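Next come two complexes built around subunit A: one with subunit B, the other with subunit C.
Moving on to the complex of A and B:
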């Protein structure tokens, strides 16, 4: 900006044709000389970043896309002439009954429950922490801000190992549960789904007849299993780790809310809860949308916790598409199928994000009246 | 306004051109390096027979994090390198699969590395390994080990060493329960009865790993196995194999046996080391683990009990593989060959706590091993190797998942599901 305005001054002092002088403010005010050079300069400045993005993002993605439709065996470059195009053969394995399809379906089910619990919990926790930190009465704010954010900047490997210890059968979590008379489960060895556990409490131990139908390789009863006990401990970890990061996002928008709005509400006699419910939360809606979108994308790709803590065990109930893609590629050397899984995961995330965005937009603008109104103004 | 509509088109074109350049550069680079390989290897042969090792820079990747073992290999490598006028760089692998995959894809894998028997066909089928076995035909490897590293009729690499499963017993708990050497179980019934005797409050008689690599031993004892001998057909739904799984189910149901996780342990060795188990089924690696983590534990090994079909155990082995993309094949082969003298094999075996892969080293090895550990070697005559057919990895993982559901899941269901999964891979 500084450069542009300085040049503008030069242009103004030198003066150009009479036809340009009476039109200040628009882009045409600039000289043709500058107009020609500016985009070049801009591209020179962003060139390093474009090169990095091209080399480390675009090219690898395109190569992976190629691998997913080729018979590459992992030897030499995937672009070598010996690698053949096989169409959608690698994808087809997941659309016909078999182990590959069952594994993928199981991993999607697991991750579905994971996302279903993690995203709302971490969003609520982040919002709650941000509200507390934003209150004027709290002392030692920067200490708490650092403390809550700390898990997000700590190595996920270190945290995972600590959680493994905490959730071991005779670990601290079970000791604390024991104090209140609850016999804790053997967390990482327990493949029972939570919904199945609850159903078991009501006497439904076996698969009922109505739930025996199979959808994409696994029975409806298996779909309804809920997150396994092992998955619940990973959920606890992820919520605890990521809430701090999203808290910062909430906190920064909270600090942008004009204090007058709240004061006006206080004058009107609104309680603290009413102010949160009717002022803070609506103002924060764009931030919430951002946090939920980022959360959705991040959680569907969960990998490192699974890689370190459970490797998909027990009973494949912590298998996730990202981890399945890894084992299929590096473990079984089925590179085509492994990359195919990652592109299907990509498609799934895109579809779900579009749905989520559509859903939030509709709530903001129920009848689309506002959009139409805006259009009328524009024309 | 006209320029702003032009700009994106020019940029798109530019970006596409750049992309095309990058892609062709990749392809071109690959082509050049391929040419380089051929020309340099023809240079090597031009130098004459000994020129292959002289001045070679050999890279060796081994799957051990233990500095002592690493030092032992480096010492042997240095001795060889001095004589051959070459240099050797021995590196420990942090993630063998991933590091090899990267090397294979980039065309610059380590010259020499360890390959597990269960992965050999996968790597061999992809053309990543140089089959040099025919050049070591004068070495007397155990025939079972040769089978483990033979793919498509060719011996691909030299078996490094091997480990078998045995019944590891905590002798303190054994004596405390009033048991003697005569009580060492030789049949399934005796195993069940001693396990019951040894089970007390806080101690489980027998802890077995919850995978095919432990439960499979019972299938072998019953005369069955997951696949047939040449791994072309699934045989896990035979009555023999099912009988093996059923025996494990009965042991678990009796409460005298448990999987490690049920006693809050990572594996059988930890369970027995921490006193939560009186017996476990583990291989030679238990020795170094016990020495490092549980030095106070008093233990011995017995052969696994016989099933209806006699003795049975499982064997685990790795080999010294040479990369097909290596430019130092001759030197690599020379280095590996230098390791196969009985003295070096016995020395390496003792350091690693495994058993030497050549029969001529057997006597010398046995002489140096305490009697309480010899049962591991006894299994060499009847041990069963792993399932390694290409593409079977997910099927075996699913089998482990099913085994983990014992005793709740019916053995026949485990067998029929695995049979079906495996048939889809093996194609019959």
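Moving on to the complex of A and C:
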């Protein structure tokens, strides 16, 4: 196909199109002028992209699926005949007691607290900034927008390096804490969970008897640790970086609010608070759903920051499923288990994406919502 | 928010005293500016400290971390960077970014044109397939990408770093949607004059798609310059380090243990500058792309 396509392109660029070229098939094509050779050329146009997608997206996923049910150890090709099919053994390893289960559970716990803090914080920050930036009287809006969005276009590696410095033991963050009389922790070396720290302040230093039961490989006390101090600095980084992007989504949605609705509400004597409560909030609800689900999809994949800043340390408290799947494969050569983690993460994210697409559809048809909002204010 | 808006006087609420309302507005505007400025400092100051610290000595960076001005100005960090492989990483980043950007612009506009304008069997399926593939999270592709590159014997080569990055579903949609907005009459005239598909695409439609091409170029540049995870799994040799993998190695490798912050921050600063320049010049494109693109999923 590639050869004929090149030929077609040469012919066409030289302008020997349907009407001029004395070539076989000419008369037939004259009669079929509307679409002519379009179908063939169309495939030529999309072929390069389709080839890249097939070779570097579809085929690799299928290969990884195979690896996840095989005993491939990283030597040679996973398609070699010496590689055995082992069924769901690699997946099962995570559902029976052992190191694999403990690590995966730990990574899920870590990411759970990460998501639990990052998603609400970044959504609130983004919404707050968008609401403030949307006021018409403010000047220098584009300056503020530029500043808040800048981290989103910057390399994750460069940002991570800056934050490594910000949160280093004698870095700027601890200096600021020092100014108000707080001795900052050694952020990236501190595995203590925040909830444990708070419990410690109330005298609960050791694992209480009621929390010694084990769930999926780690004790209830470990489940309740909260994000570690090290994880908190990664949380700060991610909120700081991603709020700007979500702020833009909120802004574009706020700019879509029909001014008439607000004016009608003013005529009817609605107060500012009533207008926010009954007009802005209902109209922003689908956008908020979108931002929250996009946030969930993004945060469950956290990888770069962990790779650069903490490598899962200290005490595995910044281990995440994405990073664990990487180290399990590339580090411990447990390729079957590594890919199995990938696919479990994949399943989770697909579910989240389906929710996100439903939310997007909802948002693209908000007219019914606006009418409802108007009615609510009017009544 | 809406209380700050200028309303036509005829629609002013019947209640409320004008002077009091004016005071309230001024107060809330002052409050808004305070919030914006405090947050802006939190957003800008790290970059200021980064730039300042890159001209400090190691000791100075530890003892005066908050002060952006070096007590002893030095270019040591930059001199050391020139000695490690930094120039090589920069060159590799330029090579990869150039190929990926040009490649994406060509392939995305060709595919976008076909999906927008040409009639062929499988068009609807292809659109749905692209949308489905977009949902595949990048992190999940890490190991699969390594598997195929290893299988094909491409591991540790520039083609392994470049070709998989050519795939850009968002770019295809940006081009398709832009071509959709160009009236069919434009092409119809050329078709009647006997211009074939390729000529209509190359000489008529592509030149008209300037704004979309700029958006695509900016996104492709920014994306490939900042690309990190793909290079972790596509290569491992020192000769193929890009700025992202090289600087990441600085934090974990030979300089990882010591507090060589001026060095690391200088490296991070240099790799930020090209994207920052593009951002400030084309920020409307980037900002609008994010707002609109994300909304469309």
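A few points about this structure:
Heads up, the rule we're going with is that the second predicted complex is superposed on the first by the 284 of 379 C-alpha atoms of A that agree within 3 Å, B and C clash if a C-alpha of one lies under 4 Å from a C-alpha of the other, contacts with A are read in each partner's own complex, and residues count from 1 in each chain.
Here, a contact is a pair of C-beta atoms (placed from the backbone, for glycine too) under 8 Å apart; a residue touches a chain by one contact, two chains touch by 3 or more.
Worth saying up front: this structure is predicted, and the values here are computed from it rather than measured.
Once the two complexes are laid over each other on the shared chain, residue contacts for A:170 go to subunit B and to subunit C alike. With both structures placed on the common chain, the touch criterion links A:55 to subunit B and to subunit C. In the superposed model, A:80 lies in contact with subunit B only, and not with subunit C. Of the two partners subunit B and subunit C, it is C that touches the larger number of subunit A residues.
Looking at the shared chain after the overlay, A:313 reaches subunit B, while subunit C stays out of its contact range.
Using the contact criterion defined above for the overlaid structures, shared-chain residue A:191 touches subunit B, although it does not reach subunit C. In the superposition on chain A, A:334 makes contact with subunit B only, not with subunit C. Legend: residue contacts after superposition of the two complexes on their common chain; A:103 is shown touching subunit B, with no touch to subunit C.
Under the contact criterion defined above, the residues of subunit A that touch both subunit B in one complex and subunit C in the other are 35, 39, 43, 50, 55, 58-59, 77-79, 168, 170, 329-330. Only residues 3, 7, 11, 15, 18-19, 22-23, 26-27, 30, 97-98, 101, 104-105, 107, 122-123, 125-128, 259, 261-262, 264, 325, 391, 393-395, 397-398, 401, 404-405, 421, 424-425 of subunit B touch subunit A when the two sit together in their complex. Across the complex, subunit A meets subunit C through its residues 8-9, 11-13, 15-20, 35-39, 41-43, 45-46, 48-50, 52-53, 55-61, 63-64, 67, 77-79, 128-129, 131-138, 142-166, 168, 170-172, 174-176, 240, 244-245, 248-249, 251-254, 259, 262-263, 266-267, 269, 272, 275-276, 280, 290, 294, 297, 301, 303-304, 307-309, 311, 322, 325-326, 329-330, 335, 338-339, 342-343, 345-346, 349-350, 353, 356-357, 360, 363-364. Subunit C meets subunit A in the complex at residues 1-8, 11-15, 25, 29, 32-33, 35-36, 39-40, 42-44, 46-47, 49-50, 53, 61-63, 65-66, 107-108, 110-111, 113-115, 118-123, 126, 130, 133, 135-148, 150-151, 163-164, 166-167, 172, 194-199, 201-202, 222, 225-226, 228-229, 232-233, 243-244, 247-248, 250-252, 259, 261, 264-265, 267-269, 271-272, 275-276, 279-280, 283, 286-287, 290-292, 294-297. Within the complex formed with subunit B, the subunit A residues making contact are 35, 39, 43, 50, 54-55, 58-59, 62, 73-80, 98-100, 102-103, 168-170, 186, 188-189, 191, 312-316, 327-334.
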